[in-house]
Amino acid sequence: MSRELLTGNGAAAWGARLARADYVPAFPITPQTEIIETLGQWIDAGDMPGRMVTLESEHSVLTAAGAAAATGVRVFTATSSQGLLYAMEMLYTVAGWRVPFVLVNVSRGLAAPVTLESDHNDIMAARDSGFLQIHCATCQEVLDGVLMAYRLAEDERVRLPAIVNLDGFYLSFTREPVDIPDPAAVDRFLPGFDPENLAFRASQPISQAVAVLGGSPYSYFRYETHLAALNALHTYADIAQDFAAEFGRSYEAVENYHADDADIVFVMLGSFATKARDAVDRLRASGERVGLLRPRVYRPFPADDMRRLLAGKRAAIVVDQNLSVGKGGVLHAELASVLYGIPKAPAALLSFVGGLGGRDISAEEFFEMVTVARQAIADGVTPPPRLLYTEDELRELRKLQAVAEVERRELGGKR
Amino acid sequence: MKESVLKRMKDLPSSHLLGAGTPMCAGCGGLEALHEIYDQVGAKSVFVNAAGCMTLLATYPFTPFRGSWLYTAMASAPAGAQGVRDALDILIDSGRLPPDEDLATVVLTGDGAAYGMGLSATSGAIERGLDFLYICYDNEGYANTGQQASAATPHGAQTSTTTLGYAGYKKDLFGIWAAHRPTYVATVIGAEPLDLARKVQKAMSLAGPRLILALAPCPTGWDFDPQYTADVGRLAVQTGIWPLKEYVGGEVVHTKAPKQRLPVEEYLRLQGRYAHLFEAGGQAGLIDEIQARVDAYWDGVER
Amino acid sequence: MYRIRFHGRGGQGMKTASRILGSAFFRAGYEVQDAPRYGAERRGAPIFAYVRAAREPINERGVIAEPDLVIVADESLVGIAAAGVCQGLSERSVLLINSHEDVATWTHRLNLAGPVLVLPAREAVADRAELPFAGTACAGAAAVLVGVIPRDGLEAAVREELGSLPQQVIDQNVAVALHAYDEMRDHAGLVREAPTRSAKDYEPPAWLEPVFEDARHSAPAIHAAATSVQVRTGLWRTLRPVIDYDRCNKCWWVCSTFCPDSCISVTDDGVPEIDYDHCKGCMICVAKCPPHAIGAIPETDARDAALTGEPS
């Protein structure tokens, strides 16, 4: 084991290397490119025995990844944002094939307007595809998450592809100290992939991913995929235990940061949650009993954990780094569906949308969210969802609009 | 490259590998070509398919294949073949799979995928030198969705989206492939089984990217009685509309140039999709144009 | 509400039949739903279409489970369980078969609780272009059986639905439809609207919670070769190719090579044999056989000769 400074992208590449990924179909996109560049360099230098092939699109990447996994090798790939959406048809498709492999997504906001910076709309679009999702908050979690994702995806109780998600820039290009485990220890934790009877062999003809006729067989196959994903919850718990035993780091499906004795709890995904951790520390220092819950496993959704951990809280503050246009924050909606009707559900479930397109969330904003929550508890009225956006920001935007001569357009194009 | 052992018709197989009972239309020219091709490819193969009529060949729990099959999507069958081929190579090279478990990697798509949506994936696979055989059954339209015009639809043909006749011109997929300098490209048709079998055998003896492009008379989409599938196919060759040729080693050779070309009219007349060309006061000039284009092609060949 | 199902083969005009009947109902002031139902199969394969008609807006959707009237355009489908012709028939549903045989034969053969009628079929069809008339005839018969569609309403509906065809073809179809209407006039109004389903005494669905089965079993994969031979596409056939072995000169198995469906195998001494379980009746072999040793006969004749309800 060694401890080194690695970017999130570097950590992802190390995860693939230590997992002994056989095959890496790839296509570049910022902020993911560094992952495949790193793997390519290792493979060229003979440091890693795998094979990499650059295809012509992410749609093709996902097809090749699924097909190679369907042939029985361990596959790794990575993408981001527009790439994930370009591949979307194949995300649903290969999940239905029931082939295990790991896809790292480096979250980045979606066009239009086009941006390079991070938010979670890309990964949320893959929410219903059948891919499992593990969301990371640190570079260490990225490396560890890749290893755990292989175990989870390949487990016979599951057998689905998995996405490990990390935030663009905030993790992808940010170096942090990361423990790089011993290859031998990784081999103990993650043995080679055995495709069993789902692979192409001359001696055993198989037609994979065939068509069905009618809603009844379709329902069966689709629902079995769902049951497999649900199985991934207890399977994850077992794997997390093995991981802790081998590497000494424990990763529960939901990170619980001072939530047990809190009366107000933040709920967030990804790396911005460490900002919330920081805010929790400072709020606690000033006497507020607040905490943080962060689903690491987002698909399958750890519904029972969330219900248990939120029971008896007075308020939950959901900070969504995504926006379902015409509805609002996705995590908020999902949590509401999970909490509805349970005894002791938090009386107030607040929704904030922030961090879109990489916009920062300041400590003061976290503090203020708690103030708003306290008011909601006192009034018994939950305020409407709020976008984290300030007067200063609008003033700055107005300047840009002036340069863009927005007003002139408003006057019908006359000068 | 081994020379074909197929000398005469009697050398063609008299029993067939592809199972009966498929959901393809009665008289499907694509299936006619496929069953002839499959006899040469053999069961040690995995067919990677894109969306089209033939996707329904493998409909749970029925498949006519004696080897393997993977359905992908409309755009990316060649990328699926890439994944399968690379994975098999990795397993064999690393000693995890005995070499006799290897499979020929075959892509099977219609023209819509081959000429259009899947062309980027195809181009990429050829350029990467992927060792695969691409079989395109060209029924000159999106047949599975009801024969809308595709990039392979010939000029003047009626389709369900071009009721007045297709205004564009059929793309030259043979030329597009050849421009990539692959190992082998050939046009075939089920109605010329010996020529077809020889070419598939030759393709199977080579490595690298290979295309078998089969014109697939489609009784449903082209509107003719299914009994005429082979006759329409034969006329496509004898009128010179479907030149049987191959590209190998940088050279294009015509394998069955008609000695005396029949007028294109004989081919067109059999098909409802060209009926408007024969109506009084119709677009009769189009027949001349189609003839002129065919003549110009062969003038170029014969020069 | 009237619930009516048409059974036929791809290419016999079942969709058109349902649309003609739908339009005729609509013209008679009814709310209507008509739809075809396709599977993966194509021309020649068993398909069905259905019509609902009611005085009130129709909320029911999808396949009709309990029909008031079932019309079979192709009698060979009745014996094919997979075609589902008899599905949901009760003592109050009417079954009408377009057939060469008489009511007594069918009544005896099927032993159904409800009435069975026969619409006398036209001469055995040797020309496939004639097949679509079966649909028009069935629509005409259905129109009179429900008893609420006037003769001129039927004619108008046929003209409306076939509007894009040449005038002569439309006129022929109108004649066929009206002929069927007149032929079944004795049974006008035999078909009655079903009472609405009670929410009180009903059979509860036997729901179950599917259990997880691992991917070795629950992936959409077929772990076997050539299972398609279990599908009897021979049932699609309307024409049957028959080899005259006296004329067959045991050539280079032209028929076997051209048959798209791998349905002609050749014995060691060069004799071709047709697999009627799977032959779809495309007739390419008939067209290609050099000495013209393969002839075509209507499938119904072949079946009558074999004295079975299904092809061998």
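Think of it as A, B and C in the order they're written, each chain with its own count starting at 1.
Throughout what follows, a contact is a pair of C-beta atoms (placed from the backbone, for glycine too) under 8 Å apart; a residue touches a chain by one contact, two chains touch by 3 or more.
The structure displayed is predicted, hence computed values, not measured ones.
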Make each chain a node and each touching pair an edge, then name the shape: line, ring, star, complete, other.
-> complete
Measuring from the mean of all protein Cα atoms shown, which chain centre lies nearest?
-> B
From the C-alpha centre of subunit A to that of subunit C, how far is it in Å?
-> 52
Dist(centroid_CA(subunit B), centroid_CA(subunit C)) in Å evaluates to 33
Between subunit A and subunit B, what is the separation of their C-alpha centroids in Å?
-> 43
Please set out, as single numbers or ranges, the residues of subunit B touching at least two other chains.
-> 43, 56, 58-60, 63, 65-67, 69
Give me the residues of subunit C that touch two or more other chains.
-> 39-40, 220, 222, 224-225
For subunit A, residues contacting two or more additional chains = 205-213
Spell out the residues on subunit C that touch subunit B in their complex, using ranges where they run on.
-> 39-45, 128-129, 220, 222, 224-233, 236-237, 252-254, 256-263, 265-266, 270, 275, 277-278, 280-284, 286-288
Listed in rising order, subunit A residues that touch subunit C in their complex are 96-98, 156-157, 159, 196-198, 204-214, 220-221, 223-224, 227-228, 230-231
Of all residues in subunit B, which touch subunit A in the complex?
-> 43-44, 46, 48, 55-56, 58-60, 63, 65-73, 75-84, 86-91, 94, 97, 100-103, 120-121, 123-124, 128
List of subunit A residues in touch with subunit B within their complex = 22-23, 25, 49, 51, 53, 55-57, 59-61, 63-73, 75, 89-90, 93, 200-203, 205-213, 217
How about subunit B: which of its residues touch subunit C in the complex?
-> 8-10, 12, 14-29, 31-32, 34-36, 43, 56-67, 69, 190-191, 193, 219-220, 225-231
